[in-house]
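Chain naming follows the written order as A, B and C, and within any one chain the residues start at number 1.
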Amino acid sequence: MTMKSEPFVVNVGPQHPSTHGVFRLRLTMDGEKIVDAEMVVGYLHRSMEKLAEGRTYTQNIPFTDRLDYLSAMSNNLAYCMAVEKLAGIDVPERGQFLRVIMAEFQRIANHAMAIASFAMECGVWFTPLMWMFREREKILDLFEMTCGARLTTNYVRIGGVSFDIPPEFMPAARALLKEMPERIAEYEALLMENEIILARSRDVGVLQPDLAIASSASGPVLRGSGVMWDIRKADPYAAYDRLEFDIPVGTCGDCYDRFLVRMEELRQSVRILEQALDMLPDGPASVNVPLALRPPAGEAYARIEAPKGELGFYLVSDGSPHPHRFHIRSPSYINLTPLRDMVVGLTVPDAVITLGSIDIVLGEVDR
Amino acid sequence: MDDVGSVVAFWMLSVMTLGAAVMVVAVRNLIYAVLFLILSFIGVAGLYLTLSADFVAIAQVLIYAGAVSVLILFAVLLTPRAARDNAETFLQVPGLVLATLVAVTIGAIALVTDWNEATRGAFPETAGAIGEALLDKYVLPFEIASVILLAAMIGAIVLVRED
Amino acid sequence: MIFLAEWWDLRDLGNPVGKLLELLGDHGPDWLPYAVSAIVGSITIVVFLLVSLLAFAWVERRLLGRMQARLGPNRVGPWGVFQSIADAIKFVTKEAITSRNVDRWMFWAAPVLVAVPVLVVFAVLPFGEGMVLADLNVGVLFVIAVGSVTAIPIFMAGWSSNNKFSLLGAMREVAMLISYELPQVLALLGVVVFAGTMRMNGIVGWQDEHNTWLIFLQPLAVLIYLIAGTVEINRTPTDIAEAESEIVAGYHTEYSGIKFGMFWLTEYFAGFAIAAIIATVYLGGWTLWGLEEWVPGWIIFLAKLYGLFWLFIWMRGTLPRLRIDQLMGFAWKFLLPLALINIFVAGLEVLIWRENDLAAEAVLPGFAIANLVLAGVLIVAWARFLGRARPSWRPARARLVKELGAVVYGQEG
């Protein structure tokens, strides 16, 4: 005799505390087990790709801030790199280094948020979140003193950056970098060998490397599955080819590995930043580019290793000041695609932390 | 049954127990029925208290109100047709007859028996006496009961195992 | 313990009340002392709980603020001390929404009933020698029985809300409560075996008489009871029934206003209750090795109670949440066998002690050391046996590589 229970549907989202915004996960359950998961996106769709076609290249930079609003610098950078590739603009060396510095600070800020929200998903009552916000806040202060904005920075511009760093930036940045290793050790002491986190996240939400590659996942999600891949090394941009760093990879592709990879990336970012601040050359930070830039007709794709994965912009120009086609390859959206395979067979709490370990931002998923 | 308090408590608890018991069979909603059953259990526990049997009263709350009823709640929820009501059934008439017979028998016995009247003292320590009785005089029935329960438990697990 | 037992001996507030009751018994109808003592006791308990709640709702948030590198409430009054009062006013004045498809009777009854069992627990807990509302013979059992009934209002709340998340939360809560009842009972049984009584004041008296706390004789049981108690009060390592990242707010998802306030308040009350039970049963209650002659016993008791509550706050600020199956497995596979061994050992020790008529001063320290060692060994050994240690091939940190393109996955990697 077997007991059969009727499958029932649990809607996680669009209004749910752990969907990172307005994401909807429609879980079909057989008792405690998830038998099917349907991802519903589009609640935050703002039609960015179409809107961008009516605006000039420079006017589109603020749009990219609103994609992944937790890592605006990286988004600016990827977009400007695409435009520069399209128009054949070379960025001066200081500008390249400033871009690296900002992008890496942004990576620390983003990973702090990602790790903290993953820990929140595991049920820690705000402690890691608050601790990590302490450092994130200092990074946002650095952004503020450089470009005046904290979240939607609009800092990286076509041909360089909008402002050179102010004199007070260097001491503040160095002080922050000096205390970072200690802080990271604190987070690790709180979370890494925590028995409950281990119990919750080990062997949960496993993403096999072949599925990760097949679904073209990228960033920590891909590296957590043990695939050695990082665009900063594979296709170096800005000044990354002159900097020394390692790529952390996981071994099992579960939530815990993705968490470990992010933890280690914090350390690597600090390492990159220390070198970049030392090597920062003098000279102009940007070249002058006309506001109504008219790139020659053609197409270009530029990609960077954003904190969440491969962020790419594909632009088609017809010679006018507006892009003819503006396409975003956003890491959050593409990293979500293997979610169904990761959560089927698990329970709701597992699905929640799996979603948390992917680290999505809905602004980027829905665009 | 000499002081006023005991009498008042007895009548209140009796009304509560019996009223809740009637509601168990009368209400349509199964969940409500279980909750009235719990109320009835608590009423019985109160009756035990008026009889100075504090250990039994507490055990009644712990086992019946706290554990058994919760298991019944689970059973109601996990049954595929849990939404169905306390519907009409063909057992209504036989059930009623049986209940009447039981009530008449018990009532008759209660009236016919020549009860020993005990004087009511302070609360005696009943827990120790019950423990000694269970583990000394009645140790065999006690152990047999636990073995039977274990067998029932294993049987239930075997029945619902999926393989 | 010999107090003056005069009405003006305020070291034990039971004295004036006792004198008053005697007076009433002498001059009034014989039911009057009962009625008055019930009223005085209940009001005292409710007032004590509400004051503690108001204080600790603020203390908890300030403490958590300290743990989390922030300030905590600091706007209402000096250092924000009136924050809890502001919160209370907010709870009362907010609209208590009743959704259309809820089962109205049960939906309204649940928040009213939910506080009852927790309040009743305090009736048997002695705040001082004479400061106990009902010194039951079966105090320990009473505490457990009443604790087991808390599942029912919570289930009513979850079921009547007509919401899947609420129902899931209620089912989780009920499953958790009945699973953790067993280790809880077995943990408290060890105390009963040593003290030879289930009366709360008797247990306190036993600890006073032998100049020891049962935490030393029953270290394993204290841990088991603490964990089981945390489950019962739904705080973080085990707040599975209202895990906001999974099932929104569990059984009280649909509640708002003062109805939600009742659940929130009950959670604090339950925390105080568990802390009070541990303080009474394992930490010597209102005694402190003679200090109770000088300091009122109830102050000692409250200090112990609040200290234990602080432990709950600390846990909330530190620990993540377990998954429901892990938590249930923990009860059945880990705590239950340990509790059984503990009760067996306790029985054995008492048998040795009583049969050979040994002096308490001689055997109790030995038992304490033996039990402490046993607790440590058992926990480590049983955790080894059950635990999911990290496979040796799995590195503790992410592996660092420089080259690209390869895949390291699983054991071969």
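Just so we're on the same page, a contact is a pair of C-beta atoms (placed from the backbone, for glycine too) under 8 Å apart; a residue touches a chain by one contact, two chains touch by 3 or more.
The model shown is predicted, which means the values in this text are computed figures rather than measured ones.
Every chain gets a centre from its CA atoms, and the centre nearest the mean of all protein CA atoms is that of C.
Inter-chain contacts peak for the pair A-C.
The geometric centre of chain A is 43 Å away from that of chain C, both derived from CA atoms.
Chain geometry summary: the mean Cα position of chain B and that of chain C are 29 Å apart. With centres defined as mean CA coordinates, chain B is found 61 Å away from chain A. Across the assembly, chain C contributes no residue that touches 2 or more other chains.
Residue ranges on chain C touching chain B, taken from their complex, read 30-31, 34, 106, 136-138, 141-142, 144-146, 148-149, 151-152, 155-156, 159, 167, 171, 174-175, 177-178, 181, 198. Listing the residues of chain C that touch chain A in their complex gives 64, 67-70, 164-165, 168, 236-237, 239, 243-248, 316-326, 388, 390, 393-410, 413.
Interface residues of chain A, counted against chain C in their complex, comprise 8, 10, 16-18, 32, 119-127, 129-131, 134, 190, 192-194, 196-200, 202, 208-209, 223, 225-230, 233-234, 246-253, 257, 260-261, 263-264, 347-350, 352-353, 356. Considering their complex, residues 3-5, 31-32, 35, 38, 54-55, 58-59, 61-62, 65-67, 69-71, 73-74, 77, 123, 125-127 of chain B touch chain C.
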